[in-house]
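Okay, got some structures for you below.
Both complexes shown next keep chain A, but they swap its partner, so chain B is in the first and chain C is in the second.
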Partner chain A sequence: MSEFDAIVVGAGPAGSSAAIKMASQGLKVLLVERGEPPGSKNVSGGILWGKDLDAILPDWEKTAPLERYVERKVTSFLTKDSEISIDFKTKKFEQTKTGYSVLRTKFDQYLAKRASQAGAMVVSGITVDGLAIKDGRVIGVINEGDTITGDCVILAEGPNPRVAMAAGLRSKPEDTDVAIGVKQVYKLSEAAINERFNLRQNSGFAGEYVLSYLENDIFAGGFLYTNKDTISMGVVINIETLRRDGRTHSYDIMEQFVQHPFISRLVEGGTLQEYSAHFVYEGGYESLAKPYGEGYMLVGDTAGFSFSNGMILQGMNYAISSGIMAGETVIEAKKDNDFSEKSLSRYMDRLEKSPAILDKKNFAGMNKVVWSSLVHRAVPEMLESSLGMMLYENGEPKKHLTDIMMKSISSTELTKKDLIMQGYRLMRRM
Partner chain B sequence: MAVEIIVMVKQVPDSQEVVIDPVTMNLNRSMTRNVTNRADENALEAALSIKDKIGANVTVISMGPPQAETTMIECLARGADRAILVSDRFFGGADTYPTGLTLAATISKIGKYDIIIAGEESSDSSTGHVGPGVAEFLDIDQITYASNVDYEDGYVIGERELEDGTEVVKVPTPVLVTVLLNSNDPRRQTLRRKIDAIRKGFEVWNIEKVGLPPEWVGVRGSPTIVRRMRSIKEKERAGKKYDLTNLGELVKELYEKKVLKMEEE
Partner chain C sequence: MEVEEKLALLNYKTDPEYAHITVNPKICETCPDHFCTFACPAKCYTLIEGKLNFKYEDCVECGTCDVACSHGSVAWTNPKGGHGIKYKFG
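Showing the complex of A and B:
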């Protein structure tokens, strides 16, 4: 007999969601988190697409510490001197507020508390050292030499899953499968944020940027989200191009983003509150690890369920949904009292039908296209010069749009063949 | 009969929670979380090493709001046998005098005690009054600022670091000891013990249980009147950056601003 039906390692969105699901069905659940309180290791914030929470916390929109709902979404190319954007605002988001900015410290603490209220035993301030494995089966977790047994162990350690890797349940990610994410939080007044971003009370701004002004052929994207009285912003940097350059530090890229003429005025006067850098997993379908086996499952970032298009990073939504699916699988397995690999393969059946896997499949190879000179150099340069020619009156006779476009294309470094090839690949992948 | 050790712990805002801004190199304190006063972790460790040696009973007591529960569980997870949180709205706003009185009354209610161990001071108010105050209320001997605590046949042996050497004092129990911050290396909490601690729980004592009249404790029992509080303004920095490959410019500017002086002046 095990001491717990399930032991969950890590109280991020994935682990807490799994624990809430299982505990609310009466299972004996242990949720172990190294941060004290939960969330204290997860700084900064992001946009939560929280629809999946409906299934376990129907009241989340009323009770969770949400900052602002996304009303305005901006996608921009930033060149050295210009910003070219699509600025999408819709009243529709007012009714279906599925995207909210959150600050992780508060949000993770909320989720862990809900797990505890649902009946899970939440132990924070403790790091799991490893897995207890007997006859090829995971039978529990180890801390300071003691083994705590559980019928099933759910690993929700986040993007750097030491425990899963040490047990050989996941390999170390390849350089091509990870990016560096740098995040900062700036404090500003609520009034200043509303005014600068043209927002009301709870409405928010989510901006994503291609940083095409970067030198030395480094590719990076940026993001900027408004919270109540803070701004979360950061950069996502392609590791290969950063390594190839070798001289530029990720901090420099963050700094240049903050200093960009059209970004700096958004955060002007703000005080820096938090700063952190992380590896982020953005591997495709091919590089996913098998997320289950004898007595265990991998959820959230630990399984590789995050998604990046080079500007935004999404992962909380997949973390939550995969956590819930793992929870459902344990509930079923408990009924049959069967925690074998075969029984837990029902987790995979669920995943195959869910966005966590489908998005990866459908956008397979996406990051190879996104991290390209087409997106990061040619398109922005072309847009900048053609818009420049179109929109300014300089006393010369007007030209046809196609002439302007062709001229701009020829001013970029890419050959026409490259352009067609990369453009076609991008279309196919989108 | 086992030796009874009582450890006094306080929950404080985390003073370690500072983030260094890598750009400006400024310290910055954001979201404060609550932690156990660090010197009190040393006090608990001193108690636990005596327990390791002679098999004593260790009881942790704290006066504080309900959120101090995390500190109670943490102390149990490090190895304490019992934890009592003294918590009641009447105790709120206490200065060091009623804090000492309340803790002393709690200790008397516990009954038997041989050694009481406290931290040298708290990191948030840093008066260092409370330990000695408790000793005075209980009318027992005290050893303050100990760097090491040991027990032998009814005596506590405390080491005190002095400027010109170490003073070793041997005092018969019962005795109160305050220990220096960083005087030992606190053991870690373990998952096993933390699970047991959550299952077992800790005690919460209210004012009736402690047995003191409300007018003796909290704000009403506090003789101190805070006249005025001043906050210290941080000096604005110009935020200018210098090219370190061209130190001449920096030196020249410091000279012009009279920060540096020429040798002959």
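Showing the complex of A and C:
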């Protein structure tokens, strides 16, 4: 007889969602978090697309510490001198909001508290050292030599899952599976943020950037989100190209982003509150781990559920949905009192119909396109030179669009053939 | 702004008895690239007179060095309960 029906390792969005789902159905749940308080270890470079929370917390939009809803979404190429953007503002999401900026220390604390209110036992400041395994079955977790038993263990450790890795349930990531995320939070008055970003009340700005100005062929992206009275911004650095370069520091890439002429004025006058970092999991469909087995399941980033195509970043939504699906699976397994691999394979059945897996599957190979010289160098260079000719007057006779485009293409390092091939691949992957 | 000033803003509950990350000096001695010194966002890895110096106290637990070191020198574990970085915003 186990002490708990389920033990959840990690109180981020995935773990807390699983715990809320199970505890609210009367299951005996232990939620263990190494940070004290929950959320104090967690960093995010994304927007919360929170619709999945409806299923477990119908009142979340009224009760959760949400910063601002996304009204304005910008996707930009930043060159040394220019910013070329798609700037999409809409009133469409004013009533039914789709995304919110959040600060994870507050938000994760809220979710853990809701798990506790639902009846889960929430313990923070405790590091799980490993899994207790008997006859090839996970039977619990180990802390300081003591075993705590559970019929099922849900690993929700985030993108650097030491417990799952030590047990061989997840392999160590390769250069291409992860990117280095570095982040800064600035304090700025609510009024200044509203004015600077053309916002009102609780509406917010979410920007994603391609940092094509970086020297030495290093690829990195940037993000910038408005919170109530702070701004979250940061960079996501491709490890392969940073390694190949071998002479640039990750923290300098962060600083260069802050100092870009069109970024620096957005945080001007703000005071830096926090510097943080975490690697971001970016592995594709082919590198997904098997997310279940005898007595265990992997959820959220631990299972590799994240997605980025350069225009939208997703992670917390998959964390929440996979946590709920794992919770539902445990509830079913409890009815049959069967926590075998076969029984828990119902988690996989659920996943295969959900965006957590489908997005990865349908956009397989996306990473190669997102981290390409086409996106990071050729396209921004072409756009900069052609738009510069089309949108400004320089005293010369006007040229036709095709002439301008051809001239811009010839100014990039790519051949026309490369450009067509890579462009085709990009369109197909998108 | 220098990274040292940025790190000075952070709160840590340092564990004086347990270094959650250790490096193998023998491996680092012969390392041709010292990529850890470029990858680590918290500047925990530095070269002092050509020798690798590592301080776990500034670590923000991002996991980068474990991937960055391709020579098997880094042994990465989570800090013991409640220790390590303590973010206020996240």
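Observations on the model:
Here is the rule we go by: the second predicted complex is superposed on the first by the 422 of 430 C-alpha atoms of A that agree within 3 Å, B and C clash if a C-alpha of one lies under 4 Å from a C-alpha of the other, contacts with A are read in each partner's own complex, and residues count from 1 in each chain.
The working rule: contacts are C-beta pairs under 8 Å (C-beta built on N, C-alpha and C of every residue); 3 or more make two chains touch, one makes a residue touch a chain.
It should be emphasised that the depicted structure is a prediction, and the values quoted were computed from it without experimental measurement.
Once chain A of one complex is fitted onto chain A of the other, the partner contacts of A:30 are limited to chain B, with no touch recorded for chain C. By the document's definition of touching, of the two partners only chain C reaches A:172; chain B does not.
In the superposition on chain A, contact of A:125 is made with both chain B and chain C.
Of the two partner chains, both chain B and chain C are touched by A:255. Once the two complexes are laid over each other on the shared chain, residue contacts for A:212 go to neither chain B nor chain C. Of the two partner chains, neither chain B nor chain C is touched by A:372. Looking at the shared chain after the overlay, A:146 reaches chain B, while chain C stays out of its contact range. In the overlay built on the shared chain, the residue A:275 is in contact with chain B and with chain C.
Set against each other, chain B and chain C touch different numbers of residues in chain A, with C touching more. When both complexes are overlaid on chain A, the residue A:41 reaches chain C alone and has no touch with chain B. Chain A residues in contact with chain B (one complex) as well as with chain C (other complex) are 36, 40, 105, 124-126, 143, 185, 251, 255, 272-275. The touching residues of chain A, when paired with chain C in their complex, are 34-36, 39-44, 103-108, 124-127, 143, 159-160, 162, 172-175, 177-178, 180-182, 184-185, 230, 232, 239, 242-243, 246-251, 254-255, 258, 272-279.
Taken together, the chain C residues at the contact with chain A in this complex read 1, 3, 6-7, 9-10, 33, 35, 37-43, 60-64, 66-68, 76-82, 84-90.
Every residue of chain B that touches chain A in the complex is listed here, in rising order: 19, 21-24, 28, 30-31, 33, 35, 70, 74, 77, 188-192, 194-195, 198. Remark: chain A residues 30, 32, 36-37, 40, 105, 121, 123-126, 128, 141, 143-144, 146, 148, 185, 251, 255, 271-275 touch chain B in the complex.
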